[in-house]
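Paired with chain B in one complex and with chain C in the other, chain A is shared by the two complexes that follow.
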Partner chain A sequence: MNSQIFHPFVLPFVLGMAFVLTYCFVGLIRVISQLPKDDRKKLGRSLVTPKTAWANIRDLFGDCLFHVKIWKRNPVLGYMHTAIAFGWFMIIVIGHVMLFTLKPLQGVEVEGLQGMFTNFYYPIFFKYFAEETPVFAFLMDFFLLMIISGILIAVVKKIHSKIVGVKRVMHFGFADTLIRFALWTIFPFRLIAEKTNIMAFWWLYSIDLLIFMCMLPFTRYMHIPTEALFILLRHAGIKVTEPRKGYALAELYSCPSCGLCIDACPMSVNDKMSGNTSAYFMKKLRNNDTEESQRIAETCLMCGKCVKICPLSIESCDIKFSQRAAVPYNINSDHSYLNVISTEAEKSQTNNHKPHVLYFAGCMTQLTPKIMRAMKQIMDKAGEDYQIMDENGGICCGRPMLLSGKVAEAKAMIEKNTELIKKSGAKRLVLSCPICYKVFKDEYHLEGIEILHHTQYIEELIKCGKIYVDRGDTKYVYHDPCELGRAFEIYDEPRYVIHSLGQIVDAKSEKENSICCGGSLGSFNLTQQERDAITENSVNDLMFNNPDEIVTACPLCLKTFARKSPVKVKDIAEIVSEKL
Partner chain B sequence: MKENILIIGGGAAGMEAATQLQKMGLTPIIIEKSEALGGHIAQWDRLFPAFHPAKDVVEKMLDQVKDVKTYLNTEVVDIQKDNDSFHAVLSNNEKIDAKAVVLATGFDIFKAERKQEYGYGIYNNVMTSVELEKFFRTGKDERINNPKKIGFVHCVGARDVKVCNTYCSKVCCTTALKQACEIKEVFPDAEVYTFYMDLRMFGPGYEDLYLKTQKDFDVKCVRGRVCEVSEDMDGKLVIKAEDTLFGKPLKMTLDVLVLMCAMEKNKSIDAIQQKLGVANNSDGFMQNSDMYLGMNNTAQDGVFVAGACTAPKSLPDTIGEARSVATQVYNYINR
Partner chain C sequence: MDFGFCLSPSSHVKMDSIDLTTFNRLKETNPDVNTCIACGSCTATCTAGNFTEMSFRRLLLMLQRGKEDEANKMIQRCMLCGKCTLVCPRGINIRKILLDITR
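Moving on to the complex of A and B:
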């Protein structure tokens, strides 16, 4: 045992730790001060509200230490992350527990500042300065080996990612490569130092820590401290307002660049397009590469799959929206036509009859008249008291404008539509287009009016016996449209409807893993060839079990698939009307 | 020097090639999958730009091939090349040996249902240019009931990346104007509109037809595409379009809408084409070996192409190619 309480090799660690703590503290103040005032209040309240406080504790452990979401997706990667994060956490905790239970400093004259200083590095280099009891020694070795086992998986993943089930990984620059090497070697050095007590390894261990801490703020490993703050902000219900400020900044630094979203992204059908994935967007924006991050923000299809599968649930799409909104387009929008169209539309609201159901087809359904005709047949058959809101022309729901970040322009349309809907006196609003559905659900204030997508509406009509359908033996496969599935988790209603019409087979990727059709309004600058590649991949995925027909519930998906599908593509309303 | 030449397709290209090859002393054999020779042109009433009856041309061509050995209602089901001769098996189980093969398989009409926004197959009064031509020929179509307002949509299924056809179908512009004049002849009081992107009046007399359409027939040509079609309570068609010369959207109620459907590659020949080793070009038509000097040749020796199987073509283009393919085949046999 070394009876001394200080050795110069602790200095690199102390320096690094002091630096990283200062940096994080300043960063914390920065993020909090950039939050709008209301959001700060929300944060304060959420910390003392038992429900959110419990959610905070649950996710701080579940996400930061145990990486539950990664376990669910890929157990090998789950173990890798848990081994490193939880193992490291435990050796720090045990180090401190030893310091306070074994009291190795008792009787040594360390007081005041010097005492604090000693307590700072002591647990990190405990074995050099003091003796462990066998139980503690076992625990320390156990967690150290656990970390090293995690690192071994990381090395394998780096050399050949397919072994651990990852197709595409991020490509990193020099800084990230260097810090990764530091991280990989910290624990083996510590193990060797502890077992052999060779001075050089204690130095290497400490210097590795210095490199790691000093580079941490400038690399992806910044997610380790930021994640905790991000979880608190998320549970407080705070939303993104600006692309590089406040909550968005916390999200940017919380992204660990794990690259899970690369394989998930529909654009990853080829190498060139996989550079458009969220992991790269976050990295570019974090590095203040405005040009590239703007380009990726405008290329994204906004299908929301990366958000859904993100282990941290980082709302990268929201950041992209705010990035889009940040650019002035300098287009003067003239909304005088809104009044003309709405007067036209009002004509169809004849003689004060207040219908029970108001049907809004939307622009895309106007371009797929088969869906509209099928809906009319279904509603007639069910004897519903309905009116079509946009038969003689209608106003766009506003989503395309919102997708391009033009909030004020969208609001003008939303207001006019709200007025028309309220005037109709209807109790329910039925929509055929998930693009409309999303904006009606999220942005419209239609108190007292139930908003339904036609999949939900048709399911209800079948369930309560208002329409009867014949079951045939056609083999259908259902494509979950992004804005219906991932956005609102409407997975079961369409499947119930299809099941009552015929056989339903699975696609290779379903529900939240469903692949965007490639036609999304979300992207501004994908070329037709790039979109085609996405569509072909999505069609192949749907054709996995050789269905007779592809069924979807979105007019845009329908039109997109129809170009490339080897079998007929139909809307769910169409197949129902065929079997009435 | 009697050598068999297998001609697949009995339309304008196949018939004309057979005529020329026979005159050169070779033995053409025509395989036609339908019940009569003549192809698409036999379904046509009059031809642009001079309103010449199609029947005249078709009858002359039929007369020229009356001595040519012809199989109707027959398809080639298998074909193999062995040294320099081809062994074909027909759908009637007959076997034919030939020294060369001419693919004169022509085109298919774009299925208008694929542009759902135009409502073909959904709204009663939307019809295709082929159906209108049939009306001119027979005088019968229940959709045409003394219409007051008629619209023509150009480029349906052509120059449209959304249906994966980026090429120009070449003949539809002139056909639309011809049909617009003809419908005015039948219904002089009707208003006729055509919605075009460009009017490609590329041949002799075509531009004159365009002027005549406007001056003598008062057809209104609107530069802009129709974006959507719906049906009102009375079954009339409500179309939305854009007049790009005025920069204004427009909405109009029509009695009949005619879709100028593009030419697409005739896919029924795909299996045989593959066996012969002839690839497709980026438009999905057959790939010839050279755009200028090898337009009738393919990557495969002894396999020749003529007519609209390589790209959309007008009747004069097709006849020209049929005559040139005969020369190519003749030179190949006597090489």
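Moving on to the complex of A and C:
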């Protein structure tokens, strides 16, 4: 303990802190001012609504400090983050508690501005200026060692990431590497300074803090302050409107480039393609590299896995989507011909028959007619009063157009299909394609009409006893299509159906971890060879337990897998119709 | 005089005088347009082709012959559903090409 109230070594820290606080304040104003007016109102309301306010408090602690989602995915990394984030938070808190309980300034006249100034740096360099009580000293040392243990894991991860269960890590530039070394050395310097009281280490500790804080806004560590704002905005229910404004900006800066999405991404089958993952997309867009971020946005399969596993649930797919929508087109689509189309559904209006069930096969099922045949067989057997909406060709559901970012053009198709469906007078709409299912659920306004995917529909038919199936001993593995599984969490229905037909074995990655088949319409840039590599990886994953057949519920997955699978690939409707 | 038949107008294309900027640009960004064998699978499966004249095979031919106006009109009908890409025996990324032409 040195009985002083000031020493020049605190200045680097004070400067750095002042810079960060100013930068964050300006950034906060910028994000809030970029939000649309309605979103600002939403944010205001969410802060005072008890339910969202509680969720805010829960997630501010649960997410920022502990990151429950990382713990669930990889406990070692979970501990690493918790040790550093929570440990650091606790030594700051305890520093402040000591400042106000131990009253280190007693006997020394510091008031007003000078008092505020000393309070600013006292908690950070407490041990230099005042004596701790044993309890506080123990707590401070405990949390400091906790942080250092976390940093040790980080060092191991950097040297050999596979030890902590990470295959691919992010590659960083100079700034990110420098700030990482600053972060790693802050705490060992502090420990040495506190224990030995050598002036040089107090200086090093303070200068390290200055480097860290000055570089923070320009590196991935900006996630530390931004994440808090992002959580508030997320709970307010705000959606992305523009790729680099408002909410999207908060999301961009909240991305810690942790790289968890790199191992999860279906594209990470080789080093070249792993550069197309969300972590890189967010980094490029943050650095305003428009060309690269545009390319990655259009390469992404939009399978949604990165969003599901993201520790912060950053909606990177929404940002990619808005990035696609921001591209101008010289030639705009003209779908006015849709107005004069009349399909089967409309023709049936003349004989005044209103079917109970309307079946929409969709474009992809048109390419795999065996699914439609199987569905017909099932519905005939169940004695359902049904009609096929697009037996001789229908209109696209609009999702592929929507995925290209052309929202207005997609609307034209959505409106025409809505009109045709409403005219049919059906009460239920059954779809065979998850791509259609997603857009029908999200974008169509079909009040009074129940929308079902055929897995749900078949499950219901079996449960109600409308169809009877024989149970065999074939070993099936089920592939969860992205737009059915991750998007709507339809995991149990198809498994129930398969279970009533035979044995079901697990794939290596299942349900929300399921790997995209590689055929997704979400991607524009991937070449056939690149898609094939993804498909092979996905098939290998499904063949983990040596099944006899691969079953899926998406015509596109079916078509993609059929090219590469060593065993038969079938749609769920097909295997049901075989066992009727 | 009406004989009940007539000669069809000449479809002669003067390759020296046509403007191939769009096609050349396309060849640069998507070299796989050169691998098209004009099999017509894309046209046979086309969702928009069911209702209109839309045909990717013809579209490519139009661009090769410098008939940009006609091509631009046809491409407006596309629904981007991607069936053409899936059935292409040459693995040409047709959906991407269609999008690139309109840019």
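Definition applied: the second predicted complex is superposed on the first by the 572 of 580 C-alpha atoms of A that agree within 3 Å, B and C clash if a C-alpha of one lies under 4 Å from a C-alpha of the other, contacts with A are read in each partner's own complex, and residues count from 1 in each chain.
In the analysis below, a contact is a pair of C-beta atoms (placed from the backbone, for glycine too) under 8 Å apart; a residue touches a chain by one contact, two chains touch by 3 or more.
Worth saying up front: this structure is predicted, and the values here are computed from it rather than measured.
Asker: Which term applies to chain B and chain C once both are placed on chain A by superposition, clash or fit?
Answerer: Clash.
Asker: In the superposed arrangement, does A:391 touch chain B (first), chain C (second), both or neither?
Answerer: Only chain B; A:391 stays clear of chain C.
Asker: In the superposed arrangement, does A:439 touch chain B (first), chain C (second), both or neither?
Answerer: Neither: A:439 stays clear of chain B and chain C.
Asker: Mind working out whether A:562 is in touch with chain B, chain C, both or neither, as first, second, both or neither?
Answerer: Touch partner of A:562: chain B, not chain C.
Asker: Check whether A:528 is in contact with chain B, with chain C, with both or with neither, and answer first, second, both or neither.
Answerer: A:528 contacts both chain B and chain C.
Asker: After superposition on the shared chain, which partner residues are touched by A:182: those of chain B (first), chain C (second), both, or neither?
Answerer: Neither: A:182 stays clear of chain B and chain C.
Asker: Determine, for the superposed model, which of the two partners chain B and chain C contacts more residues of chain A.
Answerer: Larger number of chain A residues touched: C.
Asker: Check whether A:366 is in contact with chain B, with chain C, with both or with neither, and answer first, second, both or neither.
Answerer: both
Asker: After superposing on chain A, check 1-9, 37-45 or 73-81 and name the one in chain C that bumps into chain B.
Answerer: Only 37-45 shows clashing C-alpha atoms.
Asker: Following superposition on chain A, which residues of chain A contact chain B and also contact chain C?
Answerer: Common interface on chain A, chain B vs chain C: 366-367, 393, 528, 559.
Asker: Within the complex, which stretch of chain A touches chain B?
Answerer: Per the touch definition, chain A meets chain B at residues 366-370, 373, 391, 393, 528, 532, 559, 562-564.
Asker: List the residues on chain A that touch chain C in their complex, please.
Answerer: Answer in residue numbers: 327-335, 337-338, 341, 363-364, 366-367, 393-396, 400-401, 404, 406, 413, 519, 521, 524-528, 556, 559.
Asker: Which of the residues in chain B end up touching chain A in this complex?
Answerer: Going through chain B, the ones touching chain A are 114, 116-117, 119, 122-123, 161-164, 227-231, 251.
Asker: Applying the document's contact rule, which stretches of chain C touch chain A when the two form their complex?
Answerer: Listed in rising order, the residues of chain C that touch chain A are 32, 45, 47, 50-52, 72, 75-83, 86-87, 91, 93, 95-96, 99, 101-103.
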